[in-house]
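Take this structure first; my questions come after.
By letter and in written order, the chains are A, B, C, D, E and F; residue numbering begins at 1 in each of them.
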Amino acid sequence: MITINEDTQDTYVKGTDAMNGLLENGLGLMILGMGFVFLFLVVLIYATGFMSTFIHRFFPDLPDKLESPAIKQSNSRQVASSHSTMDSKVVVAITAAIHQHRNK
Amino acid sequence: MITINEDTQDTYVKGTDAMNGLLENGLGLMILGMGFVFLFLVVLIYATGFMSTFIHRFFPDLPDKLESPAIKQSNSRQVASSHSTMDSKVVVAITAAIHQHRNK
Amino acid sequence: MITINEDTQDTYVKGTDAMNGLLENGLGLMILGMGFVFLFLVVLIYATGFMSTFIHRFFPDLPDKLESPAIKQSNSRQVASSHSTMDSKVVVAITAAIHQHRNK
Amino acid sequence: MEDKLLTLYHDTGIYQLEFGQFVMICIGLLLVYLAIKKGFEPLLLLPIGIGAVLVNIPGAGFMAAPVYDAQGHMTTPGGLQYYIYHGGIETGLFPLIIFMGVGAMTDFGPMLANPKTLLLGAAAQFGIFATVIGAVLLGTSGLMDFSLADAAAIGIIGGADGPTAIFVASRLAPELLGAIAVAAYSYMALVPLIQPPIMRALTSKEERSIKMEQLRPVSKKEKIIFPIVVTLLVAMFLPSAAPLLGMFCFGNLMRECGVVERLSDTAQNALINIVTIFLGLGVGSKLSSEAFLNIETLGILSLGLIAFSIGTASGVLMAKLMNKMSSHPINPLIGAAGVSAVPMAARVANKVGLEANKHNFLLMHAMGPNVAGVIGSAVAAGVMLSYVGS
Amino acid sequence: MEDKLLTLYHDTGIYQLEFGQFVMICIGLLLVYLAIKKGFEPLLLLPIGIGAVLVNIPGAGFMAAPVYDAQGHMTTPGGLQYYIYHGGIETGLFPLIIFMGVGAMTDFGPMLANPKTLLLGAAAQFGIFATVIGAVLLGTSGLMDFSLADAAAIGIIGGADGPTAIFVASRLAPELLGAIAVAAYSYMALVPLIQPPIMRALTSKEERSIKMEQLRPVSKKEKIIFPIVVTLLVAMFLPSAAPLLGMFCFGNLMRECGVVERLSDTAQNALINIVTIFLGLGVGSKLSSEAFLNIETLGILSLGLIAFSIGTASGVLMAKLMNKMSSHPINPLIGAAGVSAVPMAARVANKVGLEANKHNFLLMHAMGPNVAGVIGSAVAAGVMLSYVGS
Amino acid sequence: MEDKLLTLYHDTGIYQLEFGQFVMICIGLLLVYLAIKKGFEPLLLLPIGIGAVLVNIPGAGFMAAPVYDAQGHMTTPGGLQYYIYHGGIETGLFPLIIFMGVGAMTDFGPMLANPKTLLLGAAAQFGIFATVIGAVLLGTSGLMDFSLADAAAIGIIGGADGPTAIFVASRLAPELLGAIAVAAYSYMALVPLIQPPIMRALTSKEERSIKMEQLRPVSKKEKIIFPIVVTLLVAMFLPSAAPLLGMFCFGNLMRECGVVERLSDTAQNALINIVTIFLGLGVGSKLSSEAFLNIETLGILSLGLIAFSIGTASGVLMAKLMNKMSSHPINPLIGAAGVSAVPMAARVANKVGLEANKHNFLLMHAMGPNVAGVIGSAVAAGVMLSYVGS
């Protein structure tokens, strides 16, 4: 962890120096922060791109068919998740029920 | 918090004074307690009545149709609750299944 | 709890005595341990047998029909458990759905 | 080798078991039997019974306190029930979380349709305070060693509400907690045996046959506002009841508001189940022979039974009075449901009513006083906590 | 007797209530109202509101610290919110567990199909840092008393991510936690009101009508590897963000790997629900009158609004820039989703897009920047924690 | 500004990463790979692997202890894994809760139908004690630095039971916990590779083809009484095994008694899942380079493999002996299931049996020794805890 400059610690002194120190620190945080966020996410873009290329080249795979993930995702936030297990059970039960019903 | 009278604290002395103090305290607790319970619930009756009147007058609403809540409640204690979500999923699945079955 | 012999405690001394003490302790643990495991489980065999006989004689019961428990068990490890409640709900929903569908 | 064998033998339960522990293990097994075979509040009495068995196994260390060295590092970990008891029961967390879950399971609809039934929930709490006097008398008589705090904690058994009883006992008389919890849950399970004779003795067949008017429908808005009103009244008049009733109303608000279904569902299922398991084991940890095998326990069990009976009687009598005073007919049987013991007491009222008139369904009408009794006993608990201090 | 009655009266809320507590109870009720009636992030604002009501009941002791005697035995147990706050929020456990659950709910598919949208998630974090400057200026101006740590904690509101805001505030400015959490969740709920005017002001109708190309399908393997890649990058470049992003990626890995469905399911449901209830009550416990009723809170609320607006604007402007530079068309509206507020901001982008062209569905394309914004604000949080220390 | 940049750089993992941490992160990723791609006990190895990655991120502070000032106020909160490890693993709570859940998932029916299979569960524990001797020999040889407590903790890997291994290791050799847990779960996953060659080597094709008689049906009452009988026997003979077996039997009783279905359901799902996530992260926290990257870990991994092999062999040999002595035919393959590793080992026995005779289904018969192995290794654990002290 970065140790805080002495002047930021006594903000209660409220001298002009302290104020300038605080402002300077704030600007530093903004520049370093935004810089770092961009740097990190740019690195992540390249890493992700590299990862995808690598996977597609060396471990090609049938992609999930009919994927429209965003819509699925926005629903899954609302609805409880144990969806797929649920549905498979339901389908089993329905199949059974329909067979019974047919054979009546 | 009410501080306990000195005599109730040394119940181990078991002098007649302490006993009387304990009994007196017990009677006090009974009278204050029952009084307070009634007072509170009477206030609650009026508050509830006022609330209902207020809501009906200023925020009239279609009441829940076909309400027989006590029975529902006594069941809901037993059965797990995520009932409605469950059923809606089931209904979706069934609708799908029946359509499939029909179109065969 | 058994207190550890002094010599096992200073294993850092690594004298021959300490080593022999450690080995001796290990052998003791093996013999006592295996002995105890067998003893306990043999006692458990008799206790279980006695329990079953006792129950069958004095509290006879219709056994669970068609029991093939191991298979059920090995499944139940995988699948979530609230199975039966689930299925009964599903069946209720299906019955309703099929009736609706029929009456169309 | 031989000395190891000897120490292993000295570690066995056979060698160490004291008679008191043996008796307490049997009592634990009895609770398990009542839970499974007789269906006595099994969700609580099964874990309590097993907790009692485990804590009384000599040398198993279920209640052992952890040991730390001078630097604060743990040298010996504590036992499971030690952590459960001190983490969840002594602090009051578990009863409060359970109360939140019970709130999320409670429907105040029938009570809101007929708020006057709150009076029945008040009257039935007389069992609590009459029992306090009983315990005080036993204390002053010198027969048993009950302080005022003990007497208050024993009285709360009459509230017929498990989490409230555990919460109050953990604050006022922790050493009696085991006996009080066992008494509370046992008598709640025995409500179908305890109440009907009292109800029949205090009412005529005509009274028991009284048909009540259909309850008005209650709007969603009323159900949402009600828990907030209760919380505010508690804040105004009895802050010492705020932990119990605040959490209860929070649970109920989650249930009724309709926008946090997933939280309400969890409060009613996963969360309350988890806490119930641990609450049971923790309460069972107080069933040690020193705390349970003494004359005071007999007093607690007797007083608890008296508390239930007096509460039932005062509820029925209040309902008779209200029936006389009110323009709408009130069946006195629903007064018995005011002791809480939700939903058992309401079912008992319904059943006794059906005996008198097989077309008279009182269940819905009895649910009002029944949930009112929960509020009533929480209020009584608050008064006690405030009066006796802690 | 009379003195008991008097002390009972002195225990009531009526007697003890201070004006500040009264105001805070009203604010708590306002939050409950917004949650239920207006649907403002009810999963959090309902428990926070109730928590604020409970903690301000005088004499109820919800935040009372436990008292121990010299031997270390508890003489008075602490209050519920005391244990929740110090056990789960001060330690950072609850926000981290929630972040794990959110990770298990998040689908990175749309982002992986178009990784460049990560830039939008970066740009929108400008709201965070601009707000830090704002808070610093208010601090240096002498109007309000904000240190650099306070300013950083206030800025994180602009991250539009509740658990991140709570985690950072609990470390940098615990006394502002209540106001920061309330601001963060309130503005997240207000995204549909705050964002559209800014989005419309900064874009032409043609830009808003831009259709984007169908996203490529993303393979299961990419989705599995991605959270591991993020974790490793965080480990390399910004360890101070590792608690947040490590848990987030752990949750996401449980979701995508397909072999621990029962853990993923629990992380998304029972566990996150339990922790959400307690997190809300714990955050509410910081809404005491001393901490909330002061000029700084006004500053926090204003700065939070500014943060959201600047974040939205910078996201949209970055998307415009990318649209100019890129060969594939990019609708500038999806830039606004970069503030996170998942999935609300993505829906807003979709809705505003539909206004311009009713056949243009942007939801899928906006989910990419939306989840990128979660990563972006967690990275920003890490920088702040590292820069400001703790 | 420049100095801030420098300190930010000094905070990065790139600057701080030590070689040992790098290796441990790779090992964590290997565990994740084995869990996802190879299906090695993913419910545990995935969280353990991620836990190992997180704890080795330099500067992330996942195992940092909280810092308090002189007044007892927290000045720096601890890391997530610090709280998990010290709260749930060092105390033994998490393994015990998991064991309760496993009990609630276990069906003792096949074992009750043929109680003699308990002997197979006893015989297979020879792997445990043989391994203790192996570890002691390595210790006395001076090659590795194992005390008797270490040797006992290593031996328990042969019990093929994760929670038991973690419980024992956390009490006897906390510094070896990571390696022991990883070995236990890895070899449990490798049972289908480790066991068949040993099983084939020790049996003839005729023996492997032996058909066993259909199991008798077991009544509900037997299943209910059985866990109580086990608890009481443990209480009598081996209280040091009571924490493990008491919780296991409590879980099983909840399952079988039929009156607390909601508790049993929660113990098998929400609760065990929550605790599994945290147990994994906590065990992973012990995979630091100092604790793992040394010659002892190699010893532990080798000894664990030997333990599994010896356990398998002794189970098979005991089954051969029983087949000779008994009037009812016993297929020696089911002896291998006595190591526990439920239900994997029983499936392996079934599979190897089908190779010899494709109409011979041994699964049901192998479940008996399989669950007997769980009891057997818990008993062995109890003996060790009692013998070695703690």
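Here is the rule we use: a contact is a pair of C-beta atoms (placed from the backbone, for glycine too) under 8 Å apart; a residue touches a chain by one contact, two chains touch by 3 or more.
A quick map from chain label to UniProt name: A, B, C = Probable oxaloacetate decarboxylase gamma chain; D, E, F = Oxaloacetate decarboxylase beta chain.
Given the structure is predicted, the values throughout are model-derived calculations rather than measurements.
Chemist: Counting one step per pair of touching chains, how few steps separate subunit A from subunit D?
Modeler: The fewest steps needed to get from subunit A to subunit D is 2.
Chemist: Between copies subunit D and subunit E, are the contact residues mostly the same numbers or mostly different, with half as the line?
Modeler: Mostly different residues.
Chemist: Thinking of B-E, which of A-F, B-D or C-F forms a repeat of its interface, with over half the contact pairs identical?
Modeler: Of the listed options, the interface copy of B-E is A-F.
Chemist: Which chain pair is joined by more contacting C-beta pairs, A-F or B-D?
Modeler: Most contacts of the two pairs: B-D.
Chemist: Which whole number of Å gives the spacing of the CA centres of subunit A and subunit C?
Modeler: 41
Chemist: With centres defined as the mean C-alpha position, give me the subunit A-subunit E separation in Å.
Modeler: Roughly 13 Å separates the two chain centres.
Chemist: Mind pulling the subunit F residues that touch 2 or more other chains?
Modeler: In subunit F, 4, 8, 11, 237-238, 240, 262, 265, 269-270, 383, 386-387, 390 touch at least two other chains.
Chemist: Please set out, as single numbers or ranges, the residues of subunit B touching at least two other chains.
Modeler: If we look for residues of subunit B contacting two or more partner chains, we find 1-2, 28, 32, 36, 80, 82, 85, 90, 94, 98.
Chemist: Help me check something: in the complex, which residues belonging to subunit F touch subunit A?
Modeler: 1, 4-5, 7-8, 11
Chemist: Can you check the complex and tell me which residues of subunit C touch subunit F?
Modeler: Those in contact with subunit F are residues 1-4, 8, 11, 14, 19-20, 22-23, 25-30, 32-34, 36-45, 47-49, 51-52, 55-56, 59, 61-65, 67-74, 76-77, 80-82, 85.
Chemist: For a test of understanding, state which residues of subunit F touch subunit C in their complex under the given definition.
Modeler: Touch residues, subunit F against subunit C: 105-107, 109-110, 112, 115-116, 118-119, 121-122, 125-126, 128-130, 132-133, 135-137, 139-140, 142, 145, 147-148, 151-152, 217-222, 225-226, 229-230, 233, 237-238, 240, 261, 264-265, 268-269, 342-343, 346-347, 363-368, 372, 375-376, 379-380, 383-390.
Chemist: So in the complex, which bits of subunit E are touching subunit D?
Modeler: Interface residues on the subunit E side: 4, 8, 11-14, 16-17, 25, 29, 32, 35-36, 39, 42-43, 46-47, 50, 53-54, 57-62, 66, 74, 76-80, 83, 269-270, 273-274, 276-277.
Chemist: Please output the residues of subunit E touching subunit F within their complex, sorted ascending.
Modeler: Answer in residue numbers: 86, 90-93, 96, 100, 170-171, 224, 228, 231-232, 234-240, 242-243, 246-247, 250, 253-254, 257-260, 262-263, 265-267, 270-271, 383, 386-387, 390.
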